[in-house]
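I have placed the structure first, in the form of structure tokens, so that the comments after it can refer back to it.
We just call them A, B, C, D, E and F in the order they show up, numbering each chain from 1.
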Amino acid sequence: MDFLSDFLMRFLTQLQSPTLGFLIGGIVVASLGSRLSIPDAAYKFIVFMLLMKVGLTGGQGIRDSNLAEILLPAVFAVAIGILIVFIGRYTLCALPKVKVEDGIATAGLFGAVSGSTLAAALTILDVQGVSYEPWAAALYPFMDIPALVTAIVLASIYTKKQRDTAGGYPNEQPDTAGGYPNEQRITARGYPKRDTASKRVKIWPIVKESLQGSALSALLLGLALGLLTEPKSVYDTFYNPLFRGLLSVLMLVMGMEAASRLGELRKVGQWYAIYAFVAPLLHGFIAFGLGMIAHYITGFSLGGVAILAVIAASSSDISGPPTLRAGIPSANPSAYIGASTAVGTPVAIALGIPIFVGLAQALGG
Amino acid sequence: MDFLSDFLMRFLTQLQSPTLGFLIGGIVVASLGSRLSIPDAAYKFIVFMLLMKVGLTGGQGIRDSNLAEILLPAVFAVAIGILIVFIGRYTLCALPKVKVEDGIATAGLFGAVSGSTLAAALTILDVQGVSYEPWAAALYPFMDIPALVTAIVLASIYTKKQRDTAGGYPNEQPDTAGGYPNEQRITARGYPKRDTASKRVKIWPIVKESLQGSALSALLLGLALGLLTEPKSVYDTFYNPLFRGLLSVLMLVMGMEAASRLGELRKVGQWYAIYAFVAPLLHGFIAFGLGMIAHYITGFSLGGVAILAVIAASSSDISGPPTLRAGIPSANPSAYIGASTAVGTPVAIALGIPIFVGLAQALGG
Amino acid sequence: MDFLSDFLMRFLTQLQSPTLGFLIGGIVVASLGSRLSIPDAAYKFIVFMLLMKVGLTGGQGIRDSNLAEILLPAVFAVAIGILIVFIGRYTLCALPKVKVEDGIATAGLFGAVSGSTLAAALTILDVQGVSYEPWAAALYPFMDIPALVTAIVLASIYTKKQRDTAGGYPNEQPDTAGGYPNEQRITARGYPKRDTASKRVKIWPIVKESLQGSALSALLLGLALGLLTEPKSVYDTFYNPLFRGLLSVLMLVMGMEAASRLGELRKVGQWYAIYAFVAPLLHGFIAFGLGMIAHYITGFSLGGVAILAVIAASSSDISGPPTLRAGIPSANPSAYIGASTAVGTPVAIALGIPIFVGLAQALGG
Amino acid sequence: MTQQASKLVIVTEKLLLKQVAKIIEEAGATGYTVVDAGGKGSRNVRSSGGPTVSETDSNIKFEVLVPTREMAVKISDEVASQFFDDYSGIAYLCDVMEVLHAHKF
Amino acid sequence: MTQQASKLVIVTEKLLLKQVAKIIEEAGATGYTVVDAGGKGSRNVRSSGGPTVSETDSNIKFEVLVPTREMAVKISDEVASQFFDDYSGIAYLCDVMEVLHAHKF
Amino acid sequence: MTQQASKLVIVTEKLLLKQVAKIIEEAGATGYTVVDAGGKGSRNVRSSGGPTVSETDSNIKFEVLVPTREMAVKISDEVASQFFDDYSGIAYLCDVMEVLHAHKF
């Protein structure tokens, strides 16, 4: 009883944070049809700044850390990333009107990680004075990459099986949200269908593609610079003080995005919306549970457990979508981006972060 | 005598402020043909930051305010916005070589409000230690929207009357600055002239259009966030400390703009230049007078009176022009934008702000 | 011995500065094929901010300075700018496979000045507590403009001479890196060859072109504002605190640039790479020597000597290239931009700055 | 099988983006492509607002593949009659030799 | 001497920029021009990711001058067969009256 | 009444924007449209300076409706003779079926 009331109180306090205020403000402003917009260049630069800061913090912190500690949480992060995709594969994809490729891609995006959601969680932890291992943010790639790789591999296994059984073109599945009738298509020569039967899925190119994406590159560059150089002067005068403010602008953009993607989500059916609402919390709780195991075994901090849970709850917004577009080209991006941006991310930020941080605080006493 | 010398001294001090220095620097640099430019994305982001800061300040301040106080200044703001357009309608439009639609649109733009001029005034007031009601910046929309609505309504009444009397096409007015000879026009079918006779001017769409514009949206969003959330942490680390610096960059842009618009203004005739020089000061003095009435009746602060005067003196630079372009399409944008940007805004900032702030200080003792 | 070990130690410390870390980080990231990118608008805005800060610092400092002191260093700066171009003209251009116009343009770019390299040097000097005259940054244009003018003049003298001797089209030089076979060229009429024989090179337009460029404009505007207005409030809250952080982002961009230009450099031959490696250090030592003369004659500070050396070692990255493209159109930009960006700038920053700052420190005791 | 078509090009003020797009869709075109453009014409004296110092394009260029000249004229007449009195703009028709590949045409 | 040519136009998703460019080069074209574009087609329901709120173009338009219809068909067939099942895109061919000036054609 | 015309297209380096525009105006064209473009040609080895890492277009594409082939050749000859020795660029002429609407042509 005491635990619950404690948790609820902390949860409510966090609802008043500016982070959340800007997110909701963005949703409201865009829903009202405002022409307010943050220039694309500013958005991209802000994302760079935030990930660089998260990386620098982590890199500087790792120096004084016992790196053996990271092992178990990292293994758990990998496991969660893969697990999330399998969960999606056998729940979301089984639902009516959900095309299998679309479902797998969506699960992959929810398994992958959002740098902005992570940044928001770190801010809340700092504000609330919950301590965590400095390397905790470095768990990001350990979950992100396996989730994307798993999704792409599962999708191509599926596509191949389809082609082998149907003996033909995999898209001839009827009645799907993302399918297009081919009748009116014009072709100069009736171009030959791609012969992808012989293609085997290679994993290294997908990993490389992820690592080369702008989000992971910025994070890893920050980690390396934090670890190898003495960035304290720029960190203290630039990356750190601007962090919260830039995050507030980013939250505004994400709110506006959520509102403007709602229409796309509506087109692909309500099952995506339900998945997108439930999944972040479910994934977060699974991760929280595994994190607690690490807490008891290796002394992983409660703040670190909350970070692991938020990473799991988040869904990728920057580098996930292009990776999936290239890796599972037959999946409909409106399905996975709509589900993630319009519902998944707001749920992860507005509910997930307060819940998991609140839990960590309540458990920590 | 004492009052006058006091005022003059304060006026001179304010002429040395960096705000003004950057404005003049921009004018000089652009006049000398420099290729220096601030990227469009940076300009837009700076405007967003400034309006958000002004809104947040206002919103946080309103909480502790007695909202009844705002009533009289707000009513005055509305009255001034409307009055400015009528003044323009019966002075500027009566001048030779001024097309009536162009004159009305110009008056509308001078009635509307410039967020950057307002931001500059708030900085000077803070530097000079003149206190004002935190909600004073919230007077912005009360003057801005009525001015634009009045201008659009007046223009369409005029257009309609013209059509009814001339029995034909309203543009057949001879010898106007913005008129184009139609002789060489090519048309595929001789398209039918628009039948706008039956159209009535609807006010709500114009108000909505204004509120949805990027400037007012940012300001109102900031107000709401300041009022409803606890943005102190981001305000203190981000929006507030960066305010002055960003304003200096914006002043530079406005100076460069002023210089580059001078050519356009020259094409539309000297009457616009004269109006644009006199109007900001005239409008400011009217507003200052009404503000003093509120000062005596409801105790509206002298700083607030100066803000009301600056709002009146300013002419819209961000959201006014597109609203007018859509609302009074037959008016020549070179006329109103040229008048406002090339002359009106520099006068409002370089003369208006020092005069009205100086007056408030001198009156306050 | 003592001097040398002292110098070496200081040199090594400076290798760990974040400035250098970000530069190398950028090279590594781009070499690994990352898609990380800083938006163009952000890059341009950062450059503006840095040059404005350098200018403001200089302008505020000049007020309290004895301007007579600047004379000798300024004369030396002009001399070095011209000398560098002549050195290139008689070394680089004499090498095999180096087209004369290309060599002159490259020498011009290495004579001109890089604002970002200068900014990096000022940071290091501040961090190391080495004092310098506040007006030292104002030496920039005194070297930059003469170098560009000299290069353009030398190139057109050469072109003219070629045309006079060959009696024809100057590009008919065989076997050059930048030459294109004209055989396949299509022309509607066989357009007449330009008759440029009568054109004399005018110097003022080149000077004006340089001064109007975005880099010099920003620097000079900052100088003027620092000298004539009271920018302390915006300087202390904005331009100064953000300086180091923005510089770190810029270094990242320059590193990425260096990596991506390496390919271009490779195409134009290894002589450019050798020149680009040796020239910054050679030019820096010459300038250091001349600076020491000023040190003994007029008391020019050792920090100022280091700045003069860095200015000489740097090669222009922002406004130099377009000026040369317009001024020596027949030179191949891949040659000069490749040499400067891919090798010259990294060498100037990574070796030049630590060497010259370390020398100044070691000499200063 | 490929198909003959014409290409309607409309260059006008950026402000009209949504309204022109709507006219094109309502006329039954299968799609359109639009790019930012700058330009100069008889009305170039008219300013588009927004800072010119920060280099912005103020025009847009629509390209619409249409199956018949009729549809092109329908679209351009509608656009011209609604907007070309007050806004600058130009509309012209080009020949397309053949549509090689399209999802729907 | 000027020369006859055709112009192949391909509008497709920005993501494919490098891949389409490679196909064009491998087909032996002497060059290409590419611009950022927005647009709407039968697949406009497909999102391109990236914030729409911050106005971005998500298409690209290639224009390739080709000496023969064969080369155009070769390029567009290759692009269509590799990408048009999964990505939105259109390809069409225009007549070029003459190439007036070119460094190489 | 509509009117026949040709469309002259010039793709060249961004640096030449103002100079090419001036040539077009002096040749008597009623206007022009210009878009930012990227591209590759025979001279792509030539760099345009400015950071490539921050993705920038370095070409521009002019489109000019001209009433006669003569005017097009006049413009493109002038541009080519002044710039195409030292700068990359291409110029070609397309047929315009008809100008449907224009303020002045």
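Going forward, contacts are C-beta pairs under 8 Å (C-beta built on N, C-alpha and C of every residue); 3 or more make two chains touch, one makes a residue touch a chain.
Note that the structure is a prediction, hence the values are computed from the model and not measured.
*Asks:* Can you tell me the least number of steps between chain C and chain F, where a step is a move to a chain it touches?
*Replies:* Minimal hop count between chain C and chain F: 1.
*Asks:* Matching C-F on over half of contact pairs, by residue number: which of B-D, A-D or C-E?
*Replies:* Matching more than half of the contact pairs of C-F: B-D.
*Asks:* Please decide if copies chain B and chain C contact each other with the same set of residue positions, more than half shared, or with different positions, and reply same or different.
*Replies:* Counting shared over all numbers used gives less than one half: different.
*Asks:* How many angstrom lie between the CA centroids of chain A and chain F, rounded to a whole number?
*Replies:* Measuring from centre to centre gives 45 Å for this pair.
*Asks:* What whole-Å value do you get for the distance between chain E and chain F if each is reduced to the mean of its CA atoms?
*Replies:* 19
*Asks:* Can you tell me which residues of chain E touch two or more of the remaining chains?
*Replies:* 35-36, 42-43, 73, 76-77, 80, 91, 94-95, 98-105
*Asks:* Could you tell me which residues belong to chain B and also touch two or more other chains?
*Replies:* 37-42, 180, 187-188, 191, 242
*Asks:* Identify every two-chain combination in which the chains touch.
*Replies:* A-B, A-C, A-D, A-E, B-C, B-D, B-F, C-E, C-F, D-E, D-F, E-F
*Asks:* Would you tell me which residues of chain E are touching chain D in their complex?
*Replies:* 6, 8, 11, 35-44, 57, 59, 61, 69, 72-73, 76-77, 79-80, 84, 88-95
*Asks:* Under the stated contact criterion, what part of chain E meets chain F in this complex?
*Replies:* By the definition above, chain E touches chain F via 5, 7, 21, 25, 30-36, 65, 94-105.
*Asks:* Give the list of chain A residues in touch with chain C in this complex.
*Replies:* Those residues of chain A that touch chain C are 39-42, 44-45, 48, 208, 211-214, 217-218, 221, 224-225, 228-231, 233-234, 237-239, 242.
*Asks:* Which of the residues in chain B end up touching chain F in this complex?
*Replies:* The touching residues are 180, 184-188, 191.
*Asks:* So in the complex, the part of chain C that touches chain F is made up of which residues?
*Replies:* Result: residues 30, 37-40, 42-43, 171, 178, 180, 187-189, 191-194, 253, 256-257, 260-261, 264, 267, 321-322, 325-326, 329-330, 332-334, 337-338 of chain C touch chain F.
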